[in-house]
Each structure stands twice: as structure tokens, then as C-alpha cells.
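Residue numbering begins at 1 within each chain, and the chains themselves are lettered A, B, C and D in the order written.
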């Protein structure tokens, strides 16, 4: 990519639209890795990031899985938190008041075990002041379909999308699971069902064995793999989905440096989410953002959207 | 796992059967990462390893993909070699004579773009002196089905298995691709179609972008991800397949230390293949084998098969 | 509770015994707000390598007026091994101080029960208690070389006892033997603080809960963030209602909050 | 051709200029069978970290009778950066000597054309040619600091010329300017050896092939194994029939085997 050096571009424009949602910049905090925001107080200025996506919320509080819930793997992290969360009521009552005063876009990640649950929780958020969008985690088991994840079944993914769109007037981002043969098939279905945007990837299903104890290292046996290790897979899927659908795509997976983020933006993602990297270093999002700005200035790129490579 | 200390077990038995194939130990060299064997001369004593699986062979020689063909990723390697190989005739004429004098089990990895190609090449190997088994790479595009990989379509995987079994009396190992929603579905089909064993995983589809040039880092855009980064995914799939089929399973993916190999053996793999780790350090297989022996001696495990954890 | 994530200069790295190290860094900001029982997350990956990915939690062992913090740690795996290779003059990222430390109790004798490197979280506490009340220190280990810094404690109080399983230091036996003896001598109320291997803390808790002696325990769990973001550091609660989160609600808990039957 | 994969002791690590280092290791076994133009694969990951995963190829720059090998390298990314942090007394795994080096030609003047750190593969060759025939050395770089070891070459022959783009050393201009001048002076046959950036080598090849002067080039390619296992290090052949493999059939090739139109 050759870009003309242009002195005008000393202050690059980083704001973007994700469908109806306007973000001041494309660097978001991924669900499950930034708590409910307060936990980062003093370590990362939340008002600098483009948005914060809180821990996945369900209808009822969930205790999560028994420990051990974490294992480190080469350049990666396996987790089986089990979607522990305070539930929608406590979220609205106890967490939202603090969050709504933070000057950034608040996106609530939701989860359920049936289409009805997704729909119900989306309804509850519809009126909630301060919530700018909903991100729908469809990696959860569909209890009615024998526990197969919604996200691995294009039809089920479509149903959830339909139901959530009907239940709320907020912008709806559907978050895809990478554990599928053809990510574009699910993406197309979800787009056709009215999603405002797609984010991907959630974690890859993995496991580890503790050879000292001779037992799976996670109490839950399987867990979700995240971190730098998965970046090549995430980037490939983002590239594919960008070329398969017309709605905006948000890239996630192993981003920990500005260069990582730029790869996703070049692949065509409108924004990126930082997950595991925030766990390792709380101010990663700030550094990624600064690095993107530097890159744009150095290469005289005025608008963040101009980073995208031709298809 | 508590194992009784037992002085008898000073010389653990590492030999195993993969269906009709007897191996002196469970550590094999993976296809595409050990060339045609000669390349390792002087750096690894091939007679020490349980077997060597040569670079995937096709009917006709293949030039492979244009460069760049390699990119390093966090704890991983992306490759798009494009199945470059000398073709079956040159293999039998030029490579086999040297290989057949190496005192280890020689397994030939084969590939094709149609069921007929797989079948034809298997027939050619049937009579080839020195070949102990065939490993079938079904990650290749099925040209008749619009280029979808055989391994991502359970029916196509079954057809290849049937055809290869019919074409040869050699033991047939079907090597699965991990780029699927449900690995057990493919595994069951392959087992039901007569495979003597299953090996997994092949590489995960990934990509990288060179942000300096603003182009995909591989000329082929997509490539296969291997190395330590993928180990948790590989181990999970091996665990699942071991519990889904009755035929022996060979574990592959990111193994570079004895502990890695022991995890796969505990998960129920009868043997393991070392891939990328041999590229990084040619004598990895030897070190892995020594470490497995040590572990067995320390824990007084007489037979390698006793490493397997209960289902 | 201010927390800081700083590139700290390594001042000293000393091997005290086989596999046991004392790392001293310059981190005045962290020191200023550190309380006994708190910990830090240390980056162990080298330079711009990305592996090992996660930081490692280590208790704040010792502090000095000049802004230095020391960590007492054992090499158990890849992370602590890499940490032990770092040299003075190099930089290590340190995030801290983290978690809820020990709550100080002033109106009764305080008994500190440390097992092995569990003593790493007890020194600041011992120093603090020492300033105001009666302090009893009981330390146990397999052998003397597992607790090379025992002298940091021995000068703090005359009620100081050590037990080693091989008898290489102090009484031969377990730290719980020392506790049993101590409890016999104590008639009124007391406060227990303990840190060490899970089975030891469990035994301590069972010994004292019968006598209604309150007990604060410092727990460990696998951690990714150390600051409450990931919810990974869960330990089951005694009431069966979900989990404690070691990094945020702990690492110090009242022992009766913990489900001791769960083996991690 | 015996090859060895050995843990080599670092004897010296010197920064010669901004981002340019000379690393000397003790590796007598490798040295004994090394030929001009061969290279080694060096492990760059630190201790038991697994990242960066791959080794890095570096040419054998200099050898000493006492078994020491030196590598001249530039910090361009994570791997070379980590390598530059390694210190004397530490161990680095080195696999070598690898590949097909330069073929020596005795019956005509030899012209060595080096660009930037491409000179790293030319010193042994220059020393060897110097023993038997007429040697002309032409070196180019952006500026003087990119070729801090130029003096290793200048003593070998009186036919020695340097060009820098900014004129900070030798003639202002490109190494191809020097080559053009040299070719004018040469009437009979000659042999070219070149190593440097792809566009430079391409230009050199085009200049000399017109006059039917044979040219050996030392190529680079991304490598995983360095020994022919992975087939990753492909460069298109001039005849359109597949690829050259830099690590095994090269890194030195006859320039007319290479498809110079392909830009890597």
C-alpha cells in the first residue's frame, strides 16, 4: 500500500460507524475480559477506548464452573469460567449506574440457553439508559437442541438474531463462534436475519491435561482458547466474513499490539476488540490505540476506514 | 493418577499396535515436516523413531504455491507449501530405495483431488516394498465438489476411505482436518468406512497480513497453522475422537516436549506425530521419546498403553 | 485503593536455596499503598516474546523505606524459571498492590501459621502486628532449605517456633503440631493467620474452628488478570452459593467462608 | 556434508553500529566443515519460552582457527532483537553449516558485489579467493554505518571500492555504479559473486548477463527448518518449472536459474 504523504493528516480521524452505532474510535474491550468496567479503575482510562463490552449477562445470575477455570497454553489461555455473571437485574441495578457515567459506548453482551431467554434479556435492556448496543454471544448451548451451541447451527443462529432484533431497538451485534466448518455460512444467515453487525471470533474449543495429576487441567474438561495463539485463525475468519456479508464486522482474537489490530482493520474489520491482552496488561487498549494513530500519521492515512485492503 | 512404584518397570515397553501396524514406539515424524527422510541424515537417527511419514505424495509431481510460503505467528507457523512433491513415480524410483533400508516403519502420506486419484495412488503403493502403511491426507480440495476439502464433508471423507481401503491391502490411516464443526461426525464416518486408524489434526486454516506491504503475508492468502499454538485444540479433538470411535487414534498438533506427547497419550492417542517441532529442532522426536521413557520409569508404568486415562 | 502497573527496575536477584529466590525491585508507588497480605502480578515473558503469556502472582514479602519491594519465590515451572533468570538492571513489569490483605486484630494474641513459602505473605503482617500486640509465629516446612528466610521472622518475637518434617530445623514434625501445643497454652481468645499448602491450611482451620478461634487464610488460585476482570480465580464458598474470587475478594478470607472439602 | 545442532557458548556480542551486531560463538564442529556462503540456523527464543518459534538463518561471517564463528547481523524484528540481548557466557543453539555455498572459480578475476549486510556471506569467500587469484571487491550501502565491518574486506585486495548513497564512505552512488566502472576495465572473462537486497542483485545480474559473465547469487527466503524438510523457502525458477529451495539447493545459485521478475 502506497499512501501519499499528506500534511493534513496529522490528526487522523478514528471515529467509525458500526451500523447505527457511532464509536469515537475502533478499539473496544471484549466481553469477559474487562469485568463490569469498574475493575479497571485507575489502570485504564475507559473514556479513551471506543467502547466497553461488559461480561456476558444472563436472565438469572450464574455461579459459573468449578475451578480450576484457567490454564495457560503456548501463547494462549484456556478458560472455562462458565459464564459466571450477576444476572440482568443486578446488572441494571448495581453495575449500570456507574457504567452509564463513563463517557464511552457501553455495549452489553448477552447470553441464554433458549431463544426466549435471549429475547427476554434483550427486552430488559431496551429501555436501560446508557446502553448503546447489544452484543449477542451465540456460543452458548441451545438446551432445546440437546446442548449444541446456537452459533454452530446456522438456523439456530438466525432464530436468535431474529428474536433479539424484534425484542429491542438497540443496535444488535451477533458474536460468532469459530468452532464451525464454514464461518461464512453462519455469517450470511445472521446478516440476512437483520443483525446490525457481526463480531468474531469467540474462543476456540480446547483442552489441556495436567500430567502430574493425570486429569484434565480444567474441572470442566474443555475450555475456550484465546490469546495471541489464535490470531491467525481469527484473522482468516474475519477476512472471510468481511467478504461474505454487507454489514460491519468487528474483529476479535489475539490482538495485543497495534500491528495486530492493524491487520484486522486491513482485513476489513471496522473495529476490534481486545480480550486476553487486557488481562495480561490492563492498558493494552490504550497502547493499541496510540499505535494505530501513529501508523496512520506515519502513513498519512486520514480516515481509519482507509486502512482496509481492497477485496 | 497414582501408580505403584514397581522395580520391574525399569525397562518400559513402548511398542504399540495401530490396528495391523506394529510400531516399536509411539513417536512418529509427521508428514511435510521430515521431507523424504534423507534430509535429516546425521541430525536424527531415524531408526530410533517409531515411524516416519513422508511428505504427501500425489499422482503427478506438484510444484506447490508461489512464495512467500511461510509466516511465523505467536507460538505458531503458517504455511502454504501447496503440497509440493515429487509425485508417486519419482517417489518410488528415487526416494523409496533409501527409505526402505531405514529400520523404522515407513508410512506414506497421500493426497488427491478426486476419489479416483486417491485410489490410484494407493494402488501404486500397494506393491511397493518397504511401505508399511498409508496415511491419507483428506484436507485437500475435492475438485468435483467445487473445491471443498474432502475432510470437511463426512460423506466425501467416507468415499475416500472406502476407495483407498479397496485399492490397497496396507493399513490405512485417515488424517482428519480440524476445520470442522464436529470432528466426531467425520471420525465416525471414516471409522465406519473401514479405516484402520485415524490421525489428527492437520493444520488449522489461518492467515496473516504484512502491514508493511499491506498484503496478505502468504502469496496464497490462507495457510495452515501448526505448532505449539494449536496444541489445546488438537488435544481436545483427539480426546473427542478417542471417545467416539473404536479404532486407534494418532495424536498430532503442537507437540514439542515429552509432556506434550504424554498429554496426547493420556487423552487416549496410541501414538503421536511430531510436526513443526522437528523443523525447529531436528532431534525433537528423540528427546520426546526419551522423556516419555523417563516418565514411565519414574511412575513405574510398564506399558505405554497404560498411560491412557479412563474415559 | 490505588494500583499501579509499572516497569520496575530489578535491584537484586538472589538465590537463597535450591530453587528459592529473593527478587527486589524498585517500586515506590506500589510500596506506598501496600498492605500485609497483598500481592503483585509480575510479567515473566522476556523482552518482546509473547510466551509465557500470563503474569505470575507473587506476595509482597518485604518492603524497604527506600521504595524497594522484595518477592520471595520458588521456581516451580516455566514462569518462575524465566523470572529467576532476570538480572539487576533489567526491567520487570509489576502490577500492584492487589487484593484484600489481612485484617489486623489488636485485642488478642495473633498466631501466624506459615507452611513452606506460604511465609511469603506473612512477613509484613508479622512486622505490623509486632508493633502493637502479642505475636506468635509458627513455621513449618519439609526441611530447613525450604524456608531460607526464616531468620527474617525469628527476630520479631520471642514466641517463635519452627518445625521441619526431617528435623533439620526446629522441632521434627508438622507446623500443626506446633499449633496444637500453642493452643494448649492459650486460654483466652486468639486470632489465627495462615498461609501455606491447602491441606495444611485446611488442617489449621479444622483445629481452630472447633474452639471458635477466628482464622484468616491466604489462598492461591490460578490467575490470569489478578484484578477481577476474568473471574478465573474461583474457590468454592462454604455455603455452596457460588465462588470466592481470590484476586479481588481475597487472597485473604475468613477460613469459614471457604469450602475446604473441595480439592483444587 | 556433516551438520551439527549444538548448544554454542557465546563468546562475544558487540554492537557495531545502530542495530548492527557481531555475535561470536564457540562452535568448532560447525567451523570445521563450513564453506564460504553457508549459513546456520540460530535459536532466538529465550530459555524455555516457546516464542518466537522459529530459528533465524544467519550467514557464517567470519571464522577463527580457535573454533569460533562470528555472525554479522542486523536487528530487523523480534528474533534478531532477542538475539541481540543474549550475552557472553550464555548458550545459543546453532545448527550448521547449512546449504550450498559459493563455487570457487580459479581461472579468471572474481568480482564480489555486496550490498548492505549482504556482505555477511562474502567475507569467507573473499578470503578464500584471495589465496589463489585476482579479487575485486565492490561494496555498497545507504551510508557508512550500514557496513561497519568494511575494513575486514579492505585489507584483502587492492581492488577494493565502496559506494554509499549519501557519500559518507567511498564514492557517492550505488554499488552498481562501481560494477559498471569495473566492467569497463575488464576485457576478458570474469566471475561475479553477489549478495544483497533483491533489487540490487537483480540489477547486477542484468548488467552482467548481457556480457555472458557468470554470476553466483546468494538468496534469502523466509525459512522454517533450514535443512530441506518443509519446502518453505521457495524462489521461482527462471524456466517456470517450479521452485528453487534456498536452504538446500542454495542459498547460492547461478543467477540465471532465478526468475528475477518475481518480487518476493
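Heads up, the rule we're going with is that a contact is a pair of C-beta atoms (placed from the backbone, for glycine too) under 8 Å apart; a residue touches a chain by one contact, two chains touch by 3 or more.
What you see is a predicted model, and the numbers here were worked out from it, not measured in a lab.
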Partner chains shared by subunit A and subunit C (touch criterion as defined above): B, D
Of all other chains, the one whose Cα centre sits farthest from subunit D: C
Comparison of B-D and A-D (more C-beta pairs in contact): B-D
Distance from the mean Cα position of subunit D to that of subunit A, given in whole angstrom: 46
Whole-Å gap between the CA centroids of subunit A and subunit B: 34
Distance between chain centroids, defined by C-alpha means - subunit C, subunit D (Å): 54
Subunit C residues counted as touching two or more neighbouring chains: 50-52
Sequence positions of subunit B contacting 2 or more other chains: 74-76, 227-228
Category of the chain touch graph - line, ring, star, complete, other: complete
Residues of subunit B defined as touching subunit A within the complex: 1, 73-76, 78, 152, 179-182, 204-209, 211, 213-215, 221-223, 225, 227-233, 235-236, 239, 254, 259, 262-263, 266-267, 295, 309
Residues on subunit B engaged by subunit D in the complex (per definition of touch): 32-35, 39-40, 42-43, 55, 63-72, 74-77, 79, 81, 84, 227-228, 256, 276, 278-283
Subunit C contact footprint on subunit D (complex, rising order): 45-52, 78, 81-82, 85
Interface residues, subunit D side, partner subunit B - complex: 2-3, 5, 43, 50-55, 93, 95, 221-225, 227-236, 241-243, 248, 262, 264
In the complex with subunit A, residue positions of subunit D that touch it: 50-51
